[in-house]
Structures are given as C-alpha cells and as structure tokens.
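The block underneath contains the structure these notes are about, expressed in structure tokens.
Should a chain be cited, it is by its letter among A, B and C, assigned in written order, with residues numbered from 1 in that chain.
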Amino acid sequence: MAETKYAYFCGCSLEGTAKEYDDSMRVVMKALGAELVEPDDWSCCGSSPAHTVDYDLASALAARNLAIVEKMGLPTITTPCPSCLIGFKKANRAMANEVFKKGVNELIDEPYNCSVEAKSSLQVIYEDIGLEAIASRVTHILPDLKVAPYYGCILNRPPELAHFDDPENPIAMDRILSTLGVDVRDFVFKTECCGAAFGVPKRKMVNELTYKVLSMALDAGANCIVVACPLCQQNLDLRQGQVNSLMGSNFNIPVLYFTQVMGLAYGHSPKELGIDKIFVSADHLIGRVTKEEYEKQKAQEAAAKKAPKAKATEETKTEET
Amino acid sequence: MRVGVFICHCGSNIAGTIDVAKVAAETRKIPGVAFATNYMYTCSEPGQKEITDAIAREHLDRIVVAACSPRMHENTFRKTIEKAGLNRYFLEMANIREHISWIGLDKELNTNKAIEEVAMAVSKAMQDKPLFSSSFKVNKRVVVIGGGVAGMQAALDCADGGLEVVMVEKSPAIGGMMARLDKTFPTIDCSICILGPKMVDVAQHDKIKLYAYSEIEEIKGYVGNYQIKIRKKAAYVDWTKCTGCGLCMEKCPTKNAYDYFNFGAAPTRAINIPFPQAIPKKAKIDPKYCRQFTKGKCGVCAKVCPTGAINYEQQDEIVTEDVGAIVVATGYGLLDQERLPEYGGGRYPDAITGIQYERILNASGPTSGHIIRPSDHEEPKTVVFVSCAGSRDKSVGVPYCSNFCCMYIAKQAILTKDHIPDSQSYVFYMDIRAPGKGYDEFTRRAQEEYGAKYIRGRVSRIYPKGKKMIVQGADTLLGTTVEVEADLVVLATAAIAADGAPQMAEKLHISYDTFGFYVESHPKLRPVETNTSGVFLAGACQGLKDIPASVTQGSAAAAKVLSLFSKDMLESDPAIAQVNNNACVGCLKCVKTCPFGAIVEDKLRDGRTVAKVIETVCAGCGVCTSTCPCGAIQLQHFTDNQLLAEVSTICQM
Amino acid sequence: MDTINLTEKTDWAFIEQVKKKSGENPSLCYQCGNCTAGCPYTQYFDYPVSMVMRLLQAGQKDTILNSKAIWLCATCETCTTRCPCEVDVALIMEALRIIARREGRVSEKDIKLFNDSFLDSIKQYGRMFEMGILLGYKLRSGHLMGDAELGPPMMSKGKIHLIPKKIKGADEVAKIFTRFQEKAKQKVKKHG
C-alpha cells in the first residue's frame, strides 16, 4: 500500500554528480502522488568507506538520519541510492542486538529506536504505488528505445537483507518500463557488479568490469541502459569514454535513470529531467509520440498487414494451433 | 505384593553417572519392595537369568527394571518374566538411561532423580493387572503402493512366495524412474532391457493384480485386516478395449501437452501412450490439454480408434481391496529447475536437467537418441555437467546429498562421448560419491578413457551469450574462476521426496521426516519397517538410493511380509482402552477424539448408549482416557489410578 | 608455497576473533568455490575469496591481513547471495578488512587514502564534498592527473560544486567520529 508521505533521503551523490536522478525522481514521485519530505539537516550515510572502519561507526552515521526520521514520525525512509539503502538496512539489522544498539546510540546525539524501515525508491514505486498507477500517467511512447535494465549488485542482494524482488533475475524495472510501452531486452548481466566505489582509486579495474556490462547490453540488442543507482550510472556513463580508450571499444550507449524514462513517458521535458546532464547523449533515442498518435500508427500498420494476408488464407484450414 | 527391582549398570552408560548401588539401597526401603539389586547388563542372558531366578527364589509378583528406554528392551523383559510364570504386563520399566544418565553428568542429581523414577515405577507396578492378548485372523494379501523397481521386486517376491498381491501405480504405466533411464551404471546395461522382463512378469503373474493409473484413496483397518479404497482414475479410454496400437496418438492434433514421462524434455500429444514398452500399453487422455475437454470440439481419436475404446464420459471408479499388509514403494521426485535461478530457473532451453538429458540419450526417447540442443536442434560439441544443482545446498532447503548423481553424471559423460565422438564433456563437482562395487573405477573411466574433464568447484552462474551458454564456475584446485562456453548444460538437480509423500504418509499413519522421506523403525537395524505394524517400506521413499539398493529393499520388505503372514493368527496388544459400561454415560466424546477411529457407539441390551472400543484398531494412545469426563474409559496398563499413584509417589518424596 | 606447520602456526585466537566480529562460523564453509566462481573481482585478488576462507579456517592470520583481496572486495554480495552453506562471506571479508585496518595492515594504500578523504569530508561538512575528496585524494596519493579529462564536462553540466555545503549539524557528525575514536582507544587500553 502506498503511503502518501515518505521521508526522502536523496544522499550525497544525488546532490552532485547524480543531480539528474534527484530531479527526475522528484518529478516522477510528484506525478504519482507521493509526497517526499527530506529529513531536516540530514548527513552523509557513510557509504562504503565507513564500513571499512567499523560497524558501529557505519551504523551511527546511518542511525543519525534514521533518528531524524523517527522524530518526524514517519515509518519509512526511501532512498534512490542503493548504497545509502544498504547502510540503513545494515544499521537496522545490527541494531536489533540490544548491546550493539546501546553502543551506537552512545555515539550519536539523538538515540535511534529502530522503528524506521528503509525501502528503495524503486521498490516504493513498483510495490507501493504499483503498475496500474504507473500506467495511468503515461501520455507519450518512446519507440526508439531498446533498453537493458541494469539493477546493480546491491539493490536486491542478499535477499535476506534487501527484501525486494528476485536476487538473480529482478524484474521491477523491466515491468515498469514495459508498462510504459518501452522495448525491454532480456539482459543477463542485471546484477553484475560494475566496480562500485572503486572508481577513483582503482579506475582501470572499474573500467574493465564496466566493459563487461556494456558489452552484454549490446549483446542483448539494447541501445540504452537504464539504471537505478547513481554509482552504476557514473561508472557506465561518465567513464564510458575511459572504457573505450582502455579496451579499444567504441561504445556509445546512453545510460538513463529509470525515473528519467518515466518522466519522458509522462510528457515532461528532457531539461526538467536532466537528460542534458548525462555524458553519453541520449538525444537521438528519446524521440516520442503521444499515446494516441502511437495507437493510431499501430492500428494503421495492423490493417496494412491484414489486407494481403486475408487473400492468402482463402483456403480453409483444418483446426490448427 | 512382592515387587522385585532390577537396576541395570548398562556397563558405564548408566553406572557412570548414577550410583546404582545407592538407588538399589533406597529402593529396598519402599514398602512392597521385596527385593532390589543392581546388575551389569540386565538384558544379557545371565542378566535375564538373574531376574527369573529371583522371581522363583523371592516369590516376586511384580517386576521393575530400571534401565534403558522401554523402546529398546521392554519386549525382551516381558518375555523373560513370562518364562518365569508371570503375566507379561506385570513388568514396568524406569528409563534411567535416556531420561537421566544420558542427559546430565552430575552424579548426585542423577542418583536422586533415579531413586524417584524407580519409586514411581514401583507404585505403577503395584497396580498392574494381568492383561491377555487376543488373536485375530490375518488376511494373507498384500498391497504394494508404487510400481517402480523396488515395488515390482517386492510384488514379485511376495507373489512367488504364494501371496496374492495388489499393485497400485499412480502413473499410467509401471516401471518408475528406471523405465526412463537409457543405461544404468556401472555396467552400462540398457535400463529398459533389464527392467522390461520384470515389468512383464508383474503384468502376467497370476498372483499379481495391477491397478495402473490408480491412487490410494483411503486406508482403513489395522495390520492383518486393511480395507483399502483405490481410485481408478479416468483415462477416458476403455482399457478393456484399447489395444495400444497408438493410432490415436498419431492423429491427435494437440501437440503441446506436457510429457510427464519425459519430464517435459519434449511435448507430447494430449492422448498418449507414455513409452513404447509401457505396461500396460494403453492410451490415456490428459484433459488439461485435450481440445475435446478444453474447447468442446475435436473427437479425432474417437473417430480413428479401431476398437472404439475412447470414452469422454468415463468417470473415476472406486474399488476396495482387503489386504493384510502394505508395502510402500512410492519412489522420489526431482527438484524443479525454477528453484535454481542462478542457473536460469528453467528459462534457458539449453540448460536441462539430468533426467531430461537421459530421455534425450534414450533411443526410444523424444529425439530417438540423437543428442541435440533443445533450442536449435543442433548437435552440441561441448557439454557441461553441473553436479549438486540444489543438493548439499542449505539455502535451497536440500542440505543432503542426492546419492546417485555423481554416478549418473559419469555415465552420461561416457554416453555423450559414445554418441558424439568429437564432443568434449566437462563435469563440475565438489566431491565424487562412488561407494558401490565398481563405482569409483567407473568414475575414473569417464575421465581416463572417455576424456571427460572433471573440474573441482561449484558453478556460480549460467547465462546465454549468443548461441552458447556460459558456465561460470570455480576450479578450487587451481584457485581460480573458470568459464566454459557450453553448447548444452546438464544440471544434476537434487532428488527430493515424491510428490504427495506427506499426504500418503498421513493415510498410512506412518511418520515422515522434514524432507518427506518415510521414517523407518530403526535407521541401522530395521530399514524396511515402520513404527506402524503391517506397513513396510522399500526403495527411495525411505531414503534416496540407487537401483541395487532399491531392489534389495524390495526383497527385504517382501521377506518381512512373508514372515508376518507365516502365522494364520496375529496377537493383539492388550494395552488398549477399555470401557467400564457401568460408568459410561454415553456422551461419546471419546468417539470424536480418537485419532484412529477405534471407538464406536454401542447400545446395551438395556437400551443405554455406551462407547465401545474396537480392540484391533485401538493403538493405545490414551487420548480417550484423558477426554472422558467420568473416567469410564481407561487405557489398560496406564490407567488414571496408576498415573495418579506415580504422581502421588513423587509428590511425597 | 612453504610447508605450513599447522600445529604451531594456526592462529586459533584469530579465528575466534573473526568469528566474534562477523558473527559467522567459518567451519560452515565446505570449500565448494561457488563464491570464487561468482566473484567479479577474482582476477584482481591475490587470493580468490574461497581461498581467503580456507586461510581463515587454517588460522593463517598474517597471510590474510596482508593480502590485497580483502581490500579489493567491493561487498557486491554475489558470494553471500549464492553460498550454499548460507555463510555471509561478504561480511567475513568486511570483518577481515576492519581488523586489518585497525592493525595498520593496508596492502591497498590508494583505497584507504580515498576512504580517508571521504570520511574526512563527512567529518568536516556532514556531507560529501566531492571536489574536496578528489583533491584530498590526489594530493595524498600523488595521482594528480587521474580523471582529469572528466573535470571540465562535470563542471559545465553543473555536476560538481566548487563550494562545500556544510550542514547545520556538522559538529554532531564530527562528534560521532570523536566519540568513536575515544571508544576505540578505551577498548585498546582495556584489552591491550
């Protein structure tokens, strides 16, 4: 069931390098009728670096924000960034242990009482709001897109922490995009790691891993990758040029956020959705027609096909499959 | 009353943590105890002689043995005291081993508790009344549930032993899993060639009555006297008229029915004969796919059938068979590929299961024995076998080893090389389990003579890339990830309990474990018996095993049945419920609570309604005794007074 | 590889330490190699992850804590998701990483430098100041020219801020770090 108000934690990346994800997420959530409230004066969740120091530090950084949401009286915190999401979920899991919880609460000013559930924004849109509501807002069809939905490695794994979709073959984005009328390809590398937070210190390694994901997308017949993670988007988009230089490839695959595609289907302008902010341009793929236009086109095509066919099937056939 | 108490040391099992001499000393102080002693091994011959001598010498009339669980030796000691002239039910056992000495190490606490347990047993013994068995006739017919190799062996041995056998098989033909195999390890014998004659024997044996395409509907009764209701499922074909010519199957327009025999390796017709050597060789219609049933119009098979055997109006039929024993040989099932999402979850046509590959290898299978890729029907050159697809995997809920996959993979690798000489097989394994005669040598043969490459490591993922299937596994011996570009991937999916096993167990009143396999009386010493008299197990339903082990258990179960039937009369257990008609008010609450349906309403000659226990059905559980509001029905040997006496004793200690 | 005298060189205390820290039991691992098979980073590790598990079972503390593998693990959770024995392998790798860092054993200096820059930024501003982190990392690591070509387009698209945004509660966040460090010092004093 969809709540009408969600505590929305956009996270540090969405303020900077992933600004277009935040812009498009807000547009889409508004269109779907969900109110997003930012926790007042939220701080960085710590992400991967905090986890290399110790569990209680990582939990404390996350718990400071969860405590703010608790004070707001909201039961759910939703975030578009899987890394922040995992930080919150791991804090909740670890703090179920009373001794650990006490220790973490000693590090933060406002104690946290483990009452806030962390859900990814994709999950809120897919499960809480639902495909019917998503379909009802569609005004435009994007006929040129052939997308490979890429979920990244931690959005749905491990299943006992993520509690969302299938860990081997997630379909939330596939379904959402299909509902919008987009051509979704069967992409086998949906959950393969692209290199995560090693982009800066281990660039070459990240480029090599990203190369595999990009190649597989092409293999699947896609001309665009759709993501739900700012780090994945960065590795696949910002660094696509680096991948090409290192691996001798010539990829030119735009990487869009699923909310950007949704926003386009809902008739919003590319500028509103930050389409101009991505490195590998998607301009040639985001041409769209209105739903009515599209349906008219399809009807005309179907009629054209039937005419010559009708002549060929004059001879009756026996009961055939 | 003169009670004799015998406290066993059980070597150091009991004496190690209980001061048995002290227990004996304290017990002697109890009024009514005429004699108390401790002995090293009471169940041994000299130990038993101690008891019989003491009974004679000390004129004992009730006996308490404080030792192991009554499940171990109650019968032994009952026979002992009977030999000494006492009624068998004058024996009580105090379990001071499983309940005390095997639980804690504190000698003082244990000794005190043992003294209390023995005192309780003494109080109960003093109220024991003599009980006498009655005899009942045995119906020397046996039903064998399941027509696989274990069931067939059991049926043949029983029939050859002179018994009448009823065999019930739920699929349209007998043969079970073995009939589906191409060749068998380690001899590479053709499976149906060695099984066929057995199948024919079963069909033609004058003492075996075969109900194929039938299921057990209901089982009533008790050992020696079961009434079994069997549901003969509607095949929509009159099997008395069907000659198995197969014309209907040829002409049926529906070509996409699920083929149960081939485990979906290829589709079949809506009306079909499962395989060419099927016994009985009769056709059956699958109403889920048949157009006559789903759309209301077709009728092609009825038109072409030369004997007019098709009958769309056919109904299920219930028949009853009376038997004296039941042999359960219901076999096993296979894990659905859907449960293995990292291997495609069944979505990739070129990732198939072991049994599907077996059907493809089989010359009478859907591809006439040509190994082809399901996707494009091309011949594969690189075949990858994945062991433990689901087995030994806690996360899938199958922590155990499936017993025979290592062996059949080696066999399939050998056969692949035979069929396609320029092919290369890879086998990913964690361990090789090959314990039987010639088994290990067989797996070595696959590697040494047939060039199969065995890679030690599990497969993490399988995904399609172009026309190939990429198998991503590990070689832990090399210490690295390895990838193989396969044309065909064969998954050795875990073997699990047969479909419907728990429901069958409920009908039989036998136990089953967490995985659905039936529980034997004793895992080491009584593998084909259950704790329910008259019901025996054979084959994989008791625990996964290969063909020779299944055949062995089939014969073993038959031997048990034959020995059960070696007498004309069986003795009933007298420790059952009994109604005191004077106290019974006829509320009939016991009738409703009895889990075995052993109590019925009865009218006395003076018109009063009372409850009546059917002696042979009562299992002695005691639920009625605790239900009865006026204590009219009492479980003999465990009466309310006896239990209260035990409570009284312990409260006063 | 040298002969390992297991009688003398198995660090039992280390195994217990990792068990306690991670809450996982390494004995559950039956060395099937599924984790290694699925790990996208195996080719970069000096010891594939199943071998790290084996080294842990054998109590080889030094080899593990000096390895690169524990630093290059991205916690992508592939191993944990697929482990048939339900061992949270990624969590064990994390525990090893934490222990290594505490003991000052860092075989992948750049990764630690990046993490430190990141955490310093949070300590100072309460949020990630990307420019600051990058500059801090470049200066500390000496990799001055890395990703230089990304700078101009990032700026022109407004994706990178030149001025840090400091939240009101930045000192609250800084306090988290100080309190944590205090606690850590106390623990060392207590347990030596």
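We take it that a contact is a pair of C-beta atoms (placed from the backbone, for glycine too) under 8 Å apart; a residue touches a chain by one contact, two chains touch by 3 or more.
Everything quoted here is computed from the prediction, not taken from an experiment.
With respect to chain C, maximal separation of chain centres occurs for B (centres as means of Cα atoms).
Just count the C-beta contacts per chain pair and the biggest one is A-C.
Chain C has its Cα centroid 26 Å from the Cα centroid of chain A. For this pair, chain B with chain C, the centres built from the Cα atoms lie 51 Å apart.
Here the CA centre of chain A is 50 Å from the CA centre of chain B. Looking at chain A, residues 167-168 sit in touch with two or more other chains. Contacts with at least two other chains are made by residues 342 of chain B.
Annotation for chain C: residues 78 touch two or more other chains. Looking at the complex, you find that chain C touches chain B at residues 30-39, 42-43, 47-48, 50-51, 78, 82-86. Of all residues in chain B, those touching chain A in their complex are 253-256, 291, 297-298, 341-342, 345, 463-466. Note for the complex: chain A touches chain C at residues 12-13, 15-19, 41-44, 46-57, 60-61, 64, 103, 106-109, 153-154, 157-159, 167-168, 191-193, 195-198, 200-203, 205, 209, 212, 238-239, 241, 276-277, 279.
Touching chain A in their complex are the following residues of chain C: 40-41, 44, 72, 74-78, 80-81, 88, 90, 94, 97-98, 101-102, 108, 110-116, 118-119, 121-122, 126-128, 130, 134, 137, 141, 146-147, 149-150, 153-154, 157-161, 165, 167-170, 172-173, 175-177, 179-180, 183-184. Within the complex formed with chain C, the residues of chain B that make contact are 342, 388, 392-396, 430, 456-461, 472-476, 479-482.
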